[in-house]
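To start, the structure itself, in structure tokens.
Letters A, B, C and D name the chains as they come in the text, with residue numbers starting at 1 for each one.
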Amino acid sequence: MSAVSAPLLALRGIAKSFAGVRALRGVDFDLQVGEVHALLGENGAGKSTLIKVVTGAHQPDGGSIEILGQKIEYLSPALTRHYGIACIYQQPALFPDLTVAENIGLRLEPSKPLRRVDWAGRRTRAADLLKRIGANISPESEVRSLSMPEQQLVEIACALGSGARIVIMDEPTASLTQKEQHLLFAVVRDLRKSGVGVIYISHRLEEIFQLADRVTVLRDGQSVGTNAVDDINENKLIQLMVGREVSHIYPPGESAPGEVVLELRGVGCKASGVRGVTLQVRAGEILGLAGLVGAGRTELGRVLFGLTPADSGEILLNGKPVAVTSPQDAVNRGIAYVPEDRRRHGVILEMPIAHNMTMAIHQRIFPGTWLRFGAERQLALDYIRDLAVKTYGPEAPGGSLSGGNQQKVSLARWLATKPKLLILDEPTQGVDVGAKSEIHKIVRRLAKDGLAVLMISSDLPEVLGMSDRIGVMRGGELVSILPGHSDAHTVMAAALGQRGPGGSA
Amino acid sequence: MSSPTSSPPGWKAALRSHEFILLAVLMAEWVSFYFAGTHHTSHGTFGFGTADAQADILRHTVEIGLLALVMTPIILTGGIDLSVGSVMCFSEIVFGKLWRDAHMPIPIAATGALLTGAAAGGLNALLITWLRLPPLIVTLGTYSIFRGLAEAVTRGADVFAEFPASFTFLGEKSWLGVPVQVYVFVVVAIAVWLLVHRTTWGRSFRAIGYAPEGTRFAGIPVERRLALAYVLAGTVAALAGLIYASRLNQVTAADGTGYELAAITAVVLGGTSIFGGSGTVHGTLLGWVAVAVLSEGLAYANLPRELGGMLTGVLLILALSASILPKVLSNWRARRHTGTSTSQPPPPAST
Amino acid sequence: MKRNLMLLLAAGLALVACSKSDSNAPSGGGDKKPVIAMLPKNKANAYFISCSKGAQDAATALGVDLRFDGPTKTDPSMQTQIVEGWINQGVDAIAVAAEDKASLSTALKKAQSKGIKVLSYDADVLPDARTFFVNQATPEGIANTLVDEAARIMDGKGEFAIITASLVAANQNVWIAKIKERLAKYPNLKLVTDPLPSNDDKDQAQQQAATIMNAHPDLKLIMAICTPGVPGAAEAVKQAGKVGKVHVIGLGLPNENKDYVHAGVTDSVVLWDTGKLGFLTVQVANALVKGTLKAGDKEFKVGDTTYKIDGDNILLGEPTIFNKANIDKYDF
Amino acid sequence: MKKHFREWSVAAALGFILVALAVFAPPFYHPQPLLSLVTYEAPTLIVAVGMATIIICRQIDISVGSLFAVCGVCGALLLDRGWPCLAVLPVSMLLGALMGAINGGLVAGLGLPSIVVTLATMVTWAEALRWLRQGVLVNVGHAQWFGFTQGEGQLTIVITALVILLINAVGLRHLAAGRFIYAVGTNAEAARLAGLRPRLITFLMFVRLGTLTGLAAFLAAVQAPTLQPKPDNGLELKAIAAVVVGGVAISGGRGNLWGVFCGVLLLTVVSPISPALVYLGIPSYWGKAIQGAIILLAVVADGWRARKQKF
């Protein structure tokens, strides 16, 4: 960590507004040579906007950008490449129809249009880069055939190959497996060693403490503090982010499980790789489902919801065997599924909140298919009040809400079906801390009211804090069921397949 | 990207104003053609401003109006149906064949035609939902095949004509001064309006248009909803074909050529987004009437009728630009504001 | 949304109310210049363009207002639409060349019921839908001339094909029937296929001709009985390199075929004076409006020329054969 | 082989028909009618080349039929005035480029959906042409086959089309610019982040299609001594169909010009004007139905493969 006089990147008073809404109001930030500088903040704090300013995707309304002490008047995506800035976005910005080699080529080669494409050169370079980061991906495979983490690795290979001096990583580990995460960390440390500055954005505090040198917290479009990680602790960071001391995030569980609502006997689905899952969920119980990404948890959720129907085993609801072959079946039988990808699957952004909330109960609230606007509005108002959705009214489009409030709308849609079983898939992913805590309270309350909850989550503290029991999946199978008060180590060990207490690998 | 939060959105207002502007255009057309295309003589009034002329404008365009009506739900789902003109023609041919060559009574032949239309719509729906193919290419395929079949069945030349009066009343007679087919049209229009604006089906069309996957995740049977839209389009296309056949008292393999584009024009002009989701049936009706009055009114005003097509094209671009221009302008302004001067890259770092 | 709909309904009602208040005229006829509307099958077709020139001459001479309008391609529905527009405009006379008998006749009867004088020219409609048909040539005249010409070129034997406008075209269908009758005289002439429709489109005629030459390698002659068909067929023969092997004759305008006739691709074209056809049509229409010509009259005089009326057919005269020898003398 | 399965299967279908013709109907290979057929469809190939790249770029242009007619008529009028072919050709291409630029400007500049923009310009140009020319034939006379003999003229046209195909196919594969088109088509936002200019590229694609259409129109205009102005020539759907049959995905980013070439040939061989049908004893009025069946078959095959891949 060498403190060079001119920082790699220095931002002073960066401001940016969208349609009158001030997303950034004077952000200061600097990045030194050979430093990993973490950027932290709630959703909507302005992290993504700041990144887009640095990569030239947005033009700032005010403030100055300096690179190695030189003032930059204008930045565009083409120019940032020139300045040696590379960015790994949360959603991989790749070309799905093209091969990995070509993806890397298009990023790294000069943008002169009238030059011959060196196909062999592209392949070797891609192979080299992928090898450097330890990714086992063929340069010839099409990106669309890759999994999300694999695509992320291709992004990282691009950044590496660009010889960038400033590398921005926007939640790079969100969808990586443990192993890939370790590889990534190794790559980041490598980069740091070679003098590259890394801006590292993550919600996972433990990663920041593992990896970063300094951390800057953004709140409401302003930087509220930059500290060396050695000088700060988790509690302090969270306090900076939310602007208040957070005593405990997880509401206490008062488990009084009732009768068995859902019982699975050897349920499997070839198409999605779920194999022989046997479990029970009782009324009033929260069953947390932990595991690594790709362990088959979301897939199990989708099997239960009829999106990819089970082809083996038995599903029993309230003791009766049922066949769930479509989402409609699931809804009719009282199964609700709050999906993982809120913006694509959970809420229709262009439609009013009220319409979103009634989508799953068309048959019930609109008998004979005729719309009843009054009833719909009343229902929406009730849920807006109940779940404390922050909005100006039921007619507000879903897209006008923040992530957490969108999640509440998604939740309201499914609560309106009066389900017996509620499946939550990553209920608080990408949700800011305040809303996260509110959602936890709601879920806890629902369970108390007798709902059976199956909660899929990659956020280990969440699983530990919320669950009455914890199921751990690995490779499409349910490998163990642990009590709710298990410790993180036990759950992780089961997820990773290590033999541990209670684990039965 | 931070999303702006509290403050009611402007898109609804814009949508509303779109229809008002269209209504104003229509009124302007009507008034100017009334003055330019009507003449009074000692024998009475002639030209555009007569009930007959208005009725004829409706009669001449009712088929396109029907196609536009049922194209609306399809475009709301984010789809498109290029095959309606061909399906309309092929259904007519089936009708002609059944009546003339199979000697079936008119009602049975007409039912046969409607079933053919429904089946053709069903084929579109099947390919779109089952194989998850883009509607544009599916209906491009069915567009060619139904036109091709129509030509093959008629050997490119056979013509069905001289239908009995029990059939031609549909296209030629009037009740209470209003052409018979207009009653049919009004019934279909009300039905489609109710379907789109007052039922959960219509709500689902929009949802599918905005987010097909999201709709599936909400437990709505997307395939069945899509199938309804396409089967409805096929059936009503066949109905339009029957009206067309009875109005002209003939059926040929060239009927309905280019009608699909005329229908799409009316829908898009009416403010329905080609990407799906937003749009209204009354907007489509306005778009359809605006085009119909324009193209026929010009002839009454002794102006070249080709002008109508040109103005339709221009109107279409204007309607689209109007909805998008404020955004584009603010973008440009923003870009100008930041300037475009590029500074020298910094010297290579020596680390 | 609701308010919108209300407005829409109000507008619709207003529209109907306005138009209802206008009275329907029982008859046409004018206190000013009579208006004569003339509908060609296809206003882009050189044949009808040449017709319209003659018609305009007559209109200028008579001091009537001529409206010449039609589709720019084969389109029976457009024809009906245009005629119905004229009815609403209250023109005094309508003269039509029908693409399709059945569909146009309905509209024309409506015109008659409103007192508009109706006549047809070039291609007839149903007899009860018009007063007179200005017949450019008797079907027998055309058919016999064409078949005799074909027999002469083919030495009385061999295969030939016919390219027609469309299979609905009224006049062409009559000619085809008469051609078939005339063929009885030449037992060795073989019509190889049903007439091929070209939709009054030169390119399509060319494609049809190319196809038929492929299908029947021994074909000796192509007879095109619509004007765009002749140059179309000739071009096909030329491109196939079969000049001299496959002969082309037909009903065609001299100007469109001069080059082919001189190049020896087309042997001869048969036609009447199209300008005169237009001229006579407007004359007849005007006489009907003025009341100087009535159904049942036996002849019709224009200046010094007297035209014979056969039933309700006003005859233009005999067609002319244009060939290498005389084609340069004509310009239409 | 596996990678270009789609292109190979179209080529195989084409090969199958060509072999069947060789066995059952050798007269199909008589040079003259075959050359005429190929010449007649050469302009379609040129337009399809432009259309393919527009679709790869995830846009669509349904105004090419009108552009084609306008360029053809303007070119023919100039030829009729005695302009030499070499002077008319650039004018025709320039006019096409200009009209393409209007499409491109509206699509790339204002961000309007291409299908609606080109629907509007299609109607506008078509009606303008009808209005101004009233469908009257234009004499090209002396300029038929560029003033060459028929054989030379036909060969010139066919070779021009093939050269255009070759240049574009190679460029699309081996020039960086070609790859940029794929990049924009598969993910415009990613292309922007990678430093490309998607709007500019989209705009240029429309200009390019317009230019190629102008060229194609000129090559069609000199094929006969007179030109019939036909704005509703259906060229747009013909070109799109050939492109789709040739394996270019309508969703952009996938496909190549060799597939498109096979698609054009396949549809040409079975077209209603093709001697192939006649020789195989199929009435020509089945041509369109067969073309339709091929298009539908190609579409269904795509869907089937995608469906199978998913599971």
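Rule of thumb we're sticking to: a residue touches a chain if its C-beta (ideal position, glycine included) is under 8 Å from a C-beta of that chain, and two chains touch if they have at least 3 such contacts.
Computed from a predicted model, the values in this text were never measured in an experiment.
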Review point. Which chain's C-alpha centroid is most distant from that of chain D?
Key: A
Point to revise | Central subunit by CA centre of mass proxy | key: B
Point to revise | Centroid spacing, where centroids are CA-atom means, of chain A and chain C in whole angstrom | key: 73
Revision key, fill the gap. Taking each chain's mean CA coordinate, chain A and chain D are separated, in whole Å, by 45
Check your understanding: Using mean CA coordinates as chain centres, what's the chain C-chain D distance in Å?
Key -> 35
Review point. So how far apart, in whole Å, are chain B and chain D when each is placed at the average of its C-alpha atoms?
Key: 27
Review point. Where in chain D do residues touch two or more other chains at once?
Key: 130, 232, 284
Revision key, fill the gap. Where chain C touches two or more other chains simultaneously, the residues are none
**Study point:** For chain A, residues that touch 2 or more chains besides their own
**Key:** none
Revision key, fill the gap. Here the pairs of chains that touch are A-B, A-D, B-C, B-D, C-D
Review point. In the complex of these two chains, what residues of chain D are touching chain A?
Key: 173-180, 182-183, 185-187, 189-197, 249, 252-254, 311
Point to revise | Residues of chain B touching chain D in the complex | key: 80, 82, 127, 130-134, 136-138, 140-149, 151-152, 154-157, 257-258, 261, 264-265, 268, 274-275, 304, 306-310, 312-314, 316-317, 320-321, 324-325, 327-328
**Study point:** List of chain C residues in touch with chain D within their complex
**Key:** 42-46, 49, 72-73, 201-203, 206-207, 210-211, 213-215, 217, 228, 231, 235, 238-241, 256, 259
**Study point:** In the complex, chain B residues that touch chain C
**Key:** 16, 19-20, 23, 26-27, 30, 34, 37-39, 41-54, 56, 59-60, 155-159, 161-162, 168, 172, 177, 197, 244, 247-250, 252, 254-255, 280, 282, 285-286, 296, 299-300, 302, 305
Point to revise | Residues of chain A that touch chain B when the two form their complex | key: 8, 18-21, 23, 33-34, 44, 46, 48-49, 52, 59-61, 67-74, 79, 82-84, 165, 194-195, 307, 326-328, 330-331, 337, 339, 344-351, 355, 359-360, 362-363, 366, 369-371, 390-393, 395-397, 399-402, 413, 417
